[in-house]
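The two complexes that follow have subunit A in common; it is paired with subunit B in the first and with subunit C in the second.
Up next is the complex of A and B:
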C-alpha cells in the first residue's frame, strides 16, 4: 500500500466534483474516490429542461468526459450507496458490504426532492424531476401542448415551467408555502410575485383558496390522466402532476456516525464537521454563520461549487472560512417577471 | 451492420455461465440474428475456475469475436473483475448489487467500472430467490434481464429454456420463473448505454438457419454425405464428434465403434474404407501422432478415409482445453516416407459442414486419406449456419473398375493419366488384389525397383492435384481490395475470422488490404497464392502456433518474404493485435498498448 492519503467524497454533483478537482491539484499523489448512487457521471442537472426540447441523449448533459476522471485518477464509484460511516475507524460501508477506509471524507451527497407526508400515498401518480430518467419520463408522458400541474413550485419547478410554457404546454401552479423555495418571500410581497408568475404564463391557484388538496387520482377515461380533488370539492385535471416542495439533505448514512446533524450536517465556517477528518459541502450541510448566529443552508450552484472548493482547500491544509458567493434574493424584472439567481447557470 | 452486439458472461464453474450463454445464443438465433459464440471453461468440472460465455450477435454472420464486448455480465466478481475492461465505452456492465459476505475494498465489481462504462447494479440473487426460492437460477435471471433491458422478445428465450430443461418439470418451471423475473426487471430499468439491436435480417431462401458448433457441423456434414462407419477413441476437443455420431448413426443403420485406442480407430477406418464404406475417425493432436503410421498405410494402399482432427495446445498431452493451431505440420507431413495426403482446414462453422461432406467425396475420388483439420476454437464455437434444404454432397465419388469377365491379375494400382486407378471392393468378382504397406507394382504385389517406386510415388502425389479443382470446393478465396494492396493477409483455420475482421477494420482506416483464405493446405493452391502474393506489398501470416507452421508451408510453395505473426495465447488471436501489425506494415503509427 502506498502512503498516499485517501480522500473519499460521497456525492458526485457540483460540490463533489469541484472538491475532487481541487484535491487533485493540491494533493497530486493522493488517492481520490468519489462514491455516488447515480449511475450517470456528473451531469448538468440544471439543464434538464432541455430534455423537453427533444434532447434525450444523456451524454450531452455530462460535464466531464470519462477521460477526465481517468486522467485525474479519480475513482468514480457509481451506482454505489453508502449505508454507514464510522468516524472513529474512518471507514464507510457500502450497501454491498464493501468497506472503504478514508483519511479524509467529504460528504457532498446533496439533497433529494421533498414530498410532504400527506402526499406520500399519491407518489405513484406523481412524476419527479430529480434525475435524468425522471425528466425523460415526464417528457415522454406529456402530450403535445399537454397540461402540467405543479404542486408547490420551488425554483427548480418554476425553472422547468418556464421551458414548458415556452414550448406551449399549459402549466397550472398550485401555490403554497413552498412556492419560490428556497427564496423567502414575505406575505406582503407574495401577491406581486404571484402576479409576475401569471404574467409569465402560469395559471396559478392558491391552494389555500380551495381548502388545500384532498386527493390525487387517475383520470377517468377520455379525460386527462390525472385528477386533483380539493377540499372545497372542486377538481383540476391535468396530464402530469409534479411535486416541487424543495429539497431535504441526503444523510441517512450519517446517522450513528458520531457527527452532529440537525437538518443538515453541522459544519464550522471551514466546512469541517464535528469530526476533524470529515467535511461537508453543498445542499446537505448547515454552515455556522456568525452574522446570524445560527447554522444556515446555502443554495445555488455557485455557492455549492465554492463550498466544494473550500472544503478541498481546507482538507489539504488551508484554513479558510466560508463566504457566500451568491445573492439569494428573488428579483422582479422590469417587464414584470420573476428571476431567480439560481437560474443563472447557462 | 445495424446490429453488432457482443455479450460476455463471466462466472465460476457451477454458476451456469455457459448455460446462460447457450440460452441467449439460441434465443438470438431464433429471433433471426446471426450469432458467433465461444465459451471458455476450466479443465476442472466444478467448484472453481473461470468460465466465460461470449456471443456476438449481428445481422451479418461474423467469423470472429470482437475485442470489446458491448455487455459484460458478472456472475462472480472475483473472476469478472479482470475482464471489466473488456466492456466498451458506453457499454453495459451488469453485476450483482448485493453481496452475501463483507468485502474488502476493491473486491466488488463496482470498484472497477470505468467512468465511460454504464453500470447496471441488479439484485440478481434476490430476484432468483424471490422467483424460485433459491439462488441457483441467477444465470437465468441474467438472461431474462438482458432480454428485457434490450427490449427483445421473451418468447424465443422461453423456448430455448424449455428445450434445455426438457423433461425436468420442476426445474424447468423454476427457471422459467427466474427468466420472467429477470425480464421484468430489465424492462423496468432506464437505459443509459448506447447498445442497439436493429431488426433481424431476412431469412435466406433455400436454406434454414441453425445454431450449431463446429463439431456438430462436422457431424451434420458427415451424415449428409452418407457416412456409414465410424471408429473413434475419445479425446478433447474432438470427443463430441463421436458422441453426436453415436446418437445419430444407429438411427440411419450406420455403424460406430469406440475402439481401444487411436491406432485401432484409424486401422478400422482404413479397413472400412478398403471395403468401400464411407469411413471416418476423429481425434486430436496426440491421437493423430498415434495414427501417423497407419495414415502412411492409407496413402500407399490408396484407401479412402477421413480423419477429423481438432487441434489443442501441445506438444504431448499439452493443454487439452486450450486453443492452438500447432498440429499443421503433423497433419501435412506427419509420418515416414513421402506420404502425401489431402489436408483441408475449414475457417468457420459453415465450413466445417462443407469440408466434412467434401472430405468424403475427395477421399473416394482421389483414393487417399483426407484430414479435416479443426481446432478447439472452431470445434466449440457456435455460429448460425444457413444449412441448405438439400445436402450438396455427392453420395458416391468412387471410380470403380469394371472387372466383369476380367482376366486374372486385376491392376489395382495401374498408372493412369490423372493418377487415380479404378478400384474394386473385397468380394468383387475379378477385382481381387493385394493391398499392402509395401511398395508395390500395378497389381499391388511387393516391388522395390526404383522405376516402379518412382512411378507409384509420382502417381500418389500427382493424383492429389485434381483435388484443387474438386467440384464445389474452393481451395482458396480472396477477400478485400482487388488489385495491388499495401498489406495482404494469408490465413488458415479459425484464425482467418480474426484476420478478416482486422482486414475490414484496416480498410476503414484507409489501408488497402486483402486477405487470402486458404482452405486446402495439402495440396497447396500454389497458383492462387502466387497470384495473391504478387499483389501484396507486404504479406502478413497470422497463426496460433509458435513456429509459424503455415507460413513455413506457404514459403515452401511460394518463395518470398512474409511477416510471420505467431502467437500462442491459449486462446484465439486478438483482432487488435493483427490490426496493429497491419498498421505497422502499412507504415501507420501504432500507439503502444497499455499493459
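Up next is the complex of A and C:
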C-alpha cells in the first residue's frame, strides 16, 4: 500500500478540474480521483449555445480529452453518483454501493438550475439548459424562427438568448426578480437595463405588470406548443418555455455528512468546511467574507476557477484566504447593450 | 455485557403455532428491529397497519392505529413523523423512508363509511377521574381511562375540545369535521366533556383542589401555550413589545384566528421561528393577503424539525426561507408601527442535548430586514400559575412526575406538553396513554395489563424484491389558485387506492423475523449469495444486553468458530430472497408484534 495521499474531488466542472490540475502539480505522488455524475467529461457549458448553430457532436465541446486525465493520473469516474459522505470515517458512498476512502475531499459539485417551487407542477412543460442533452433537446424542439419564452432570465439564459436572437428566433423574456441573476441591479438602474435588453432584440414583459404567471399548459391545436396564462387573465403563446432562475447548489449527498450547510456548504476563507479534511469550491459553497460579515456565494467561471485553485493550494498546505478578484458587475456598452463579465469566457 | 453462544430465539424455526412471549430477547428484538414502532411515541404497530393497506383492509388498518392512537385521521395529517426518520427504508443505501404518515391517513380516509369502531371495555370500576384540558394528551388519556372502566370528566376552557388541534393548526392542514369525528369517538365512551370551564384560581374558575376533593384522581393536561418571549438585545432587551404595532405571537395569532377573531397582517411579513407553528403562521399570512412572507431561521433548513414536504409546500406558496440569522432588535417608526427587524448573521455552533443545532450570532454583522408584521413563533413555555395546589417543578418550570406518573401531590397526575414543554401531537397522545395506564394502576392498586410479544408463523415472504424499487409516492396536493381561495381548503388531498397500495408495498414489514434453523442448514451459502445486503452472517456468538436482549453479532470467518449462520434482522430488508432460494427450507418467517395481555389479580 502506497503512502500517497488520496485526494477525491466530487464534480468535474471548472472548479474540480482546476483543483485537480493544481493538486497534481503540487502533490505529484498523490492519488487523485474525480467523481462526476455527468456522462460527458469536462465540457464548456458556456459553449452550449453553439448547439443552436448546428453543432451536435459532444466531442467538440469537451475541454480535456481522456488522454489528459491518463497523463495526469487523474482517475475520472463519469456517470457516478455520490449518495453520501461520511466525514468521520472519511468515506463517500456511491449509488452502486461502492465506498471510497479519502484523505482530503473537495466538494466541487456545482449547482443546478433552480425552478421556483410554485412552478414545480409545470416542470414537464418546461425545457432546461443545464446539460448538453438538454441543449440538444431545446434545439431540436424549437422550430425555425421559433418563439422562446424565457422565465426569469438569469445570466446563463440571457447569454443563450443572445444567440437565439442572432439566429432569428423570437425571445420573450418574462422579467422578474431573477432577471440578471447573479448580478444585482438596483431598482433605479433596472429600467435602463431592461431598455438595453429591448435594444438587443428581446421582447420584455415585466411579470408583475400581468400579476405574475398563473399557469403553463399545452397550446391548443394550430397554436404554438405552450400557453402561459397570467393572473390578469392575459395569455402568451410560444414554442418553448425555458426557466432561468439562477442556480441552487447540488448538495443532497452532503445532508447528514456532519459538515455545516446553509444554502451551500459553509466554508472558511481558506475554503475549508467545518471538517478539517473537506473543502469546497465553486457554486456550491458560501464563503465567510469578513468585509461584509456573512457567508457569500461567488459566481462566474473566473471566480469558480480561482476557488478550485485556492482549495487545491490549501489542501496541499498553502493556508491562503479567498479574496474575490473579479469584477462581477453588469456593464452597459456605449451602443446601449448589456455585457456580463460571466459571458467573457475563454 | 455477556457473550452467549448463538442459539435460536424462543420463536424458533420449528414452531408452527402462534404464541406469546415475555422473553426479554423477544421484547428486545421488537424494540431493535421495528424502528418505526420504537420511534413512535404512541407505539403504533406501523408494519401491521401498512400490511392491512396492501390487503385493502382499510378498516382493519384504522383499528390497528386506534389501538395506540385514538386520532389516526388527525395524526395522518399533522404528525411530526418520528417514525419516518427511523424507517429502515430510509437508511443509507435503501432509498427513501416509507410515507408512514400518509398511509395512516389512508386508513382513516379510505375505510368504509359504515366502518364500526371496536372498543374493549373493562367493567365499571366506580372510580372517578377529572382531566383538565381536552387536547391530544387529555383526550388520549380520557379514552384509555374510560376503557379501563373509570368515569371520566374532561374540563376544557375553550368552546371546543381538541386543544391545539382545534385552535393551533390551520384548517388547510387539518379539517375540523374530521377532528370532531375522532374526538367524538372518544366522548361516545361516556366521557363527560365540560367546555368553557376554566380550571384555575381566578374568580369564577374551578380550583384544582376542588377537583381533587371531588374525584379519585385528577390529570392535568393543560398543554404549553404561553409564548416564549423574543430574546432581543441592546435597547430592546426585556422591552415590553405590547405597544409595538405589527407584532404577533405565533400560537396566539392562530388561536385567536380560530376563536373567530378577524386577523390581519401587513404587506410584508417576517416569521421568526423554525417549527410547524412558524410554517403554519407563514402560510396563514399568505392566505390573509400578505404579498411577501419570509421565515427567518437561526440555523438552516437542514436543521429544523419540520418535514421536508411541509417546507416544499411553504415555498410553493411563495414563502421565502432565509437562514443563519438571529433577531437582535426592531425598527419602529414614530407612530409605533414596526418597519423592520434587525438581525445578526449567525454561524453554526455545536448541538444541543435536544438534538437541535446551536446558532451563534456574529458581532458586527447586524442588518435590517424591512417588514410591517412580525410573527414570533419561537416556542412556548409552561404556565403553572393556574393551580392552587403547589407542585414541584424542574428548572424549566415543567412539573415533575414520579415513576408512577403522579406529581408531588397525591392523586394529581400530569401528561403531555404540560409535563414535557412544547412537543408534538403524537408525543402528547403517547404520553396521555402512558399516564392513563399509570393512573389506572394507582387507582386499582395493580397493573392490569402488560406487554408481551405475539409470535405467529408466516408461510411465505409477504413481499417481492421488486417492491424495493418502488419510489416513494408523493402526496397529491391542490393547485395554488384553489388552495388560497379559503382558509379551510385542505392542501393535501390524500392517496387514492392505487397510490396507497404502491406506497404500502414499499414497507419492508420489519415485524417479520427471518431465522435459520441451524440444525437443518447445510451451509450451502445459497442464501448468502442471493442476499441483496450483508444480512446473512456466519457468527460465533452474540452479545447479551443488560436487559437480556440480544446485542451485536460476533462474526467470524473461521469455520471452526462458526456457531451458526444467522440472519441479521437489523440489516435484513425482508425481501424473501433467502427464503426462496434455500434448498432445504431451513429458513422460517415469523411475525413478531407487541401486544398486551391481562394480568391476573
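As a convention for this text, the second predicted complex is superposed on the first by the 345 of 346 C-alpha atoms of A that agree within 3 Å, B and C clash if a C-alpha of one lies under 4 Å from a C-alpha of the other, contacts with A are read in each partner's own complex, and residues count from 1 in each chain.
We take it that a residue touches a chain if its C-beta (ideal position, glycine included) is under 8 Å from a C-beta of that chain, and two chains touch if they have at least 3 such contacts.
Predicted model only: the values in this text are computed from it and were never measured.
Q: With both complexes overlaid on chain A, does A:118 touch subunit B (first), subunit C (second), both or neither?
A: A:118 sits against subunit C, while subunit B stays out of touch.
Q: With both complexes superposed on chain A, which partner does A:255 reach: first (subunit B), second (subunit C), both or neither?
A: In the superposition, A:255 touches subunit C alone.
Q: Touching A:98, do we find subunit B (first), subunit C (second), both, or neither?
A: The answer is first: A:98 touches subunit B but not subunit C.
Q: Taking the superposition as given, does A:71 touch the first partner, subunit B, the second, subunit C, both, or neither?
A: neither
Q: Quick check on the superposed pair: does A:208 touch subunit B, subunit C, both, or neither? Answer first, second, both or neither.
A: neither
Q: Would you check which partner chain A:192 touches, where first means subunit B only, second means subunit C only, and both and neither mean what they say?
A: neither
Q: Of the two partners subunit B and subunit C, which one touches more residues belonging to subunit A?
A: B
Q: If you stack the two complexes on chain A, which partner ends up touching A:58: first (subunit B), second (subunit C), both, or neither?
A: Once the two structures are laid over each other on A, A:58 reaches subunit B alone.
Q: Under the stated touch criterion, which partner chain does A:145 make contact with: subunit B (first), subunit C (second), both, or neither?
A: In the superposition, A:145 contacts neither subunit B nor subunit C.
Q: Touching A:168, do we find subunit B (first), subunit C (second), both, or neither?
A: Neither: A:168 stays clear of subunit B and subunit C.
Q: State which residues of subunit A lie in both footprints, the one left by subunit B and the one left by subunit C.
A: On subunit A, the residues that contact subunit B in one structure and subunit C in the other are 97.
Q: Spell out the residues on subunit A that touch subunit B in their complex, using ranges where they run on.
A: Touch list, subunit A to subunit B: 39-41, 58-59, 65-70, 75-80, 94-101, 132-133, 136.
Q: Would you mind writing out the residues of subunit C in touch with subunit A in their complex?
A: Going through subunit C, the ones touching subunit A are 92-93, 299-300, 302, 312, 315-318, 323-324, 345, 347-348, 362, 364-365, 479-481.
Q: What part of subunit A is in contact with subunit C in the complex they form?
A: 83-84, 93, 97, 116-118, 120-121, 214-215, 255, 260-263, 266, 274, 288, 293-295
Q: Mind pulling up the subunit B residues that touch subunit A in the complex?
A: Subunit B reaches subunit A through residues 89-90, 96-99, 101-108, 110-111, 113-116, 118-121, 190, 192, 194.
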